[in-house]
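First the structure, in the form of structure tokens, and then the observations on it.
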Amino acid sequence: MRPSGRASDEMRQIEMTPGFAKHAEGSCMVKFGHTHVLVTATFEEGCPPWLRNTGKGWVTAEYGMLPRSTHGRMPREAAKGKQSGRTQEIQRLIGRALRAVVDLSKLGERQVRIDCDVIQADGGTRTASISGAYVALHQCFTWMLENGHITEMPFTDSIMAVSCGIYNGTPVLDLDYDEDSNAETDANFVLTGKGGIVEIQGTAEEEPFTEEQFLRLLRLARMGCDGIQKAQKTALGL
Amino acid sequence: MRPSGRASDEMRQIEMTPGFAKHAEGSCMVKFGHTHVLVTATFEEGCPPWLRNTGKGWVTAEYGMLPRSTHGRMPREAAKGKQSGRTQEIQRLIGRALRAVVDLSKLGERQVRIDCDVIQADGGTRTASISGAYVALHQCFTWMLENGHITEMPFTDSIMAVSCGIYNGTPVLDLDYDEDSNAETDANFVLTGKGGIVEIQGTAEEEPFTEEQFLRLLRLARMGCDGIQKAQKTALGL
Amino acid sequence: MRPSGRASDEMRQIEMTPGFAKHAEGSCMVKFGHTHVLVTATFEEGCPPWLRNTGKGWVTAEYGMLPRSTHGRMPREAAKGKQSGRTQEIQRLIGRALRAVVDLSKLGERQVRIDCDVIQADGGTRTASISGAYVALHQCFTWMLENGHITEMPFTDSIMAVSCGIYNGTPVLDLDYDEDSNAETDANFVLTGKGGIVEIQGTAEEEPFTEEQFLRLLRLARMGCDGIQKAQKTALGL
Amino acid sequence: MRPSGRASDEMRQIEMTPGFAKHAEGSCMVKFGHTHVLVTATFEEGCPPWLRNTGKGWVTAEYGMLPRSTHGRMPREAAKGKQSGRTQEIQRLIGRALRAVVDLSKLGERQVRIDCDVIQADGGTRTASISGAYVALHQCFTWMLENGHITEMPFTDSIMAVSCGIYNGTPVLDLDYDEDSNAETDANFVLTGKGGIVEIQGTAEEEPFTEEQFLRLLRLARMGCDGIQKAQKTALGL
Amino acid sequence: MRPSGRASDEMRQIEMTPGFAKHAEGSCMVKFGHTHVLVTATFEEGCPPWLRNTGKGWVTAEYGMLPRSTHGRMPREAAKGKQSGRTQEIQRLIGRALRAVVDLSKLGERQVRIDCDVIQADGGTRTASISGAYVALHQCFTWMLENGHITEMPFTDSIMAVSCGIYNGTPVLDLDYDEDSNAETDANFVLTGKGGIVEIQGTAEEEPFTEEQFLRLLRLARMGCDGIQKAQKTALGL
Amino acid sequence: MRPSGRASDEMRQIEMTPGFAKHAEGSCMVKFGHTHVLVTATFEEGCPPWLRNTGKGWVTAEYGMLPRSTHGRMPREAAKGKQSGRTQEIQRLIGRALRAVVDLSKLGERQVRIDCDVIQADGGTRTASISGAYVALHQCFTWMLENGHITEMPFTDSIMAVSCGIYNGTPVLDLDYDEDSNAETDANFVLTGKGGIVEIQGTAEEEPFTEEQFLRLLRLARMGCDGIQKAQKTALGL
């Protein structure tokens, strides 16, 4: 029995509000239950130094949590003067995931910078970030098309992410904080709209897990991503 | 004529949503027009080192802006590894303003930490922060009373803040970004519910200003703070 | 009764020694009683990035305290690896104050960098810094004229600053450390030679203050600035 | 055809030299072909703050690369003043992997700190680090047993790691640098001696991958880990 | 011929003003010609962690330069966020030199912190710092004796320092900036009042130097230190 | 009697393995007994900013210690976020020593970056670094000649370094850790193949030393450097 009363293959309620941020070229407030992330996409002329004169662009991401987005307050990273290893790990993952479905040569030497800021956390902030970032990035690309910065939509596929885990011996979909902090195994899956796998990260928090368990988690992830994809399409009016 | 079409003594629409943040002991989403700040109040046992064994507590504040809360994107302070001078100046002001209406000896050796995070910026983020922080802090103190951490409400007065300025030669109330970035003079006022002055900061951005102009700004600030005080009372159900 | 025995409207003894620093284009050792600040002005070709191709220059300031300029030793900021919020607040104030009386377009794309280093502190270091910086900057501008970097003196007015406060219920001029650390209200005023107001910062350290009290402080500040202006003129031989 | 001429399921030559470092309680120079990592294990009395009074200990890891361990020189992280996101990601992985096979309650409130320093890099430094760290940690635990710091060997299993990937369309075992920098998909597997899975990290560098491909990589990883386990046993004389 | 017209064995004019800093337990403004260093000595109860429970105290030093103490402006180390290698090298040298003539066991578990701040630089700031620090430290020890913190003067000898070098092929005493920046060889000597050698640092800036040359420099240093010792005695009224 | 049983003028066993690092243009694993340092030399096109358009190049050095190269573990400087004063002092010394025997104008606007990483420490790491760096740099220059980056060997002499000290009242050559940590006086000498002195650093750790003692240390250093020079020649096949 899950703390939230959800079935083992049941996602939390998903909400996606594109255009949430007045100033950004693209944005999305994404909610997976009580996990709320504000994603913005910022268009920038020019690309990172290592891409100069290649005709290619870049998509990069940063991630942060408001200090009291969590149960107890987390010290503000700006005040501590550095980003934690966890923060860096997550923002690298988000950037990698998005780039996996973008044809960078269609961007030209331009960059989109994604900011994922967790307003409220209840487990699954990185997967909510990726799922919402797709919407914000889509909105930004549309803006770039309309403003003549690019001539073709650079997406090669859509992208979504969800976490699964083994909680009390049962594989379950879309861990919330109560589950996440007690799961024996925790795995994040990043999948494309066409079903390809872009990233798999599975970690045994206590006991090692088996191949069979892992495949069951992957199956749950596919079910969850179907729902996320629907929410993305609705948000984007596709 | 103001860019927004407001009268010279007209505030933007104020909204205050207490309890916005699920995890915090006190919180308030405060909106002054398009300026949106999420304020949370975190209760902490213990006080800063310099107050040990005095029986007194402390109220402190931190301030941050989401990178794309602004027109152009501001680099993330956590990534740059330090808080700007502006950030530090603002968070020192917020803490000082709140402490001016708190009897610290009624807190005992406890601290409340206020976090003001700008979700969207359109001028006046520091004054919106102070005004909303009063609500979040009030909610936190109520929680502390209900949970037996304190026995009396520590407030000695209420507190609110607003900016005024001279725009196109006219003193106006509650500057938005368009006005703020073009004002000749810019002043922030922190006033108490009973009309006392807690902080005045006036700066000539171009021409020096006169005593008469300054007094006119103070008068506008008093009018604005009346409206803010009403919104605070409504939010708190007082 | 003030600890120093001064009358409520009596400044400390002011001394200004221009040309104190052998290597700098402009300099001034300024003393307000036991508060001693060494100000230097450094001429630099080129301007900050945001002014490129505007034909305008810039005046900026940095501020520091020698570790044992104070009663107890303050940790060296260079060793701590960062400047405190207070330091940044003060150096931003000094730069803003000076720029208020400089026509930046007369500088061309050149910068003057002011360094204010407190050799000994006894209250009022920021206002002594501004008052002495005017002299150092004047000397630097004169050097620039003589060396053909500019063709006109860029000042539009002179500038001076002083702190006032309410000490034991009485408004007094030019707080020293004993007063400053016990004042109920503390205010800094930056005024021009012609009497314009450039910056006002008033803070209630305990009780909120009233409009009447504040106006009395402003009146004291005007008296103090008259004396400072005389000292500046004497120092510059004007 | 692999650049090295190896068969698709062929590991590089593995060498493990325990006791390489004169001063450390445990150490191992581990070589996977041209990838050379020096691992040391340092015994420390006391545990991290969050474990105080729990009777449990901790195993943690740090990772670094000599500046010219790589083809081109990498800037020294000590000189840059911070560890990269990649470094932090790797050292978190190493620590997590080791703790998965250690019964922390058998350590008491003691910590072992693992240092993995890459002397020469040719792909697979994180998996070589984990595999060698098992040997260094084993040596350290033996030292702790002999010196009376613990009374039972705290391992619950052994641990090893290897990378696999899809290179030119073919799943291959134990990527070297030439393969790693061109692989379409790159996956790291951390497995226990009994065959349990502790960590899986799979990333599509270009095209998303399929479930079938991923399972093939897992199968290769199991073969590689068998060889690593043999080398570990030989090194430890088990 | 030296740029200053001094004879090869002629020191610059030395001035030492003890008690220069109002707040410090000991202080000395030391001038070697145009090189001016303000040295303060701060008494602190307690000693560094590694001396706890040894009954011994410590003497440590910090060093800094005002940004415009030099010909061109040096960036402020507090603003850069770190002390240069040169700064650290010098402050380590100053501390080491002073400790060489202090019986640390006579301090008990107390520390004296020396701050050497260069007000104006014209070569030889480190040697002027050491020479003046002896005076400031002497004054501080005297204060400690008078206030009952110690019962015996902890000095075992006096200490002084001077630089020598080979300039235009000639060994000369007490290099000023013009000489220092062009010397072929540059050497700093720290000597005790009784003639013992505490530190020798000789560096060939261009050609290697010979043993004979080096001995000539040492002889010049002895002559210079005689003069410094006299100035110290005069300053201390000994 | 020395702890190692060596005669007072006896060096430890020296081993130098050029070409140790697969990727570097030059490298040398240098061992002075149990002190092991891996030195690499990296060729870089371009020179530091202050040499642009002078036709001259540069040789610079960085130094680091593996955390458990020492008896007790030293915190990793990359994790602490800064290099210690000692580290900076040493790397400045190494660079200075090498540049003393290089004709920088023969490099053209190119830089060689030397990295000295201590794999195991037993006293004398800085002198071993310099001695081994000569070999690595020689190898790098040879590579540069063979690859047409330079047309003449830029060395003007060879360079070697050794430490001496007074241990139990006796001057001894090539201090190991047991001696170094107990020596009364500790001196480092950097000498050229032709016998010139490039750097002398002598420090009294307890009692001041005399000129006679110092000259005896220099004589020992000359003997030690003869042996080091032989080892360098053998390593380079000269």
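Just so it is clear, A, B, C, D, E and F label the chains in written order, and each chain counts residues from 1 on its own.
Note that in this section a contact is a pair of C-beta atoms (placed from the backbone, for glycine too) under 8 Å apart; a residue touches a chain by one contact, two chains touch by 3 or more.
By chain, UniProt protein names: A, B, C, D, E, F = Ribonuclease PH.
Quick caveat: nothing in here was measured; it's all calculated off a predicted structure.
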### Query
Suppose you hop from chain A to any chain it touches, then on again the same way; how many hops at least until you reach chain D?
1
### Task
Could you tell me the least number of steps, going only between chains that touch, from chain C to chain E?
1
#### Entry: Homomeric contact chain A-chain B: same or different residue positions, threshold half
same
### Query
Pick from E-F, C-E or A-B: which interface has over half of its contact pairs in common with A-D?
E-F
### Message
Centroid from C-alpha atoms only, then distance chain D to chain E, rounded to Å. What do you get?
### Response
50
### Query
Which integer distance in Å separates the CA centroid of chain B from that of chain C?
28
### Where chain C touches two or more other chains at once, by residue number
81-82
#### Entry: Ring path (origin chain A; first step to chain D)
A, D, F, E, C, B
### Query
Which chain F residues qualify as touching chain D in the complex?
21-24, 27, 34, 38, 40, 42, 44, 62, 64, 66-73, 76-83, 87, 113, 115, 117, 119-120, 122
### Message
Give the list of chain A residues in touch with chain D in this complex.
### Response
82, 84-86, 88-89, 91-92, 96, 100, 157, 187, 191-192, 194, 196-204, 207-211, 214-215, 218
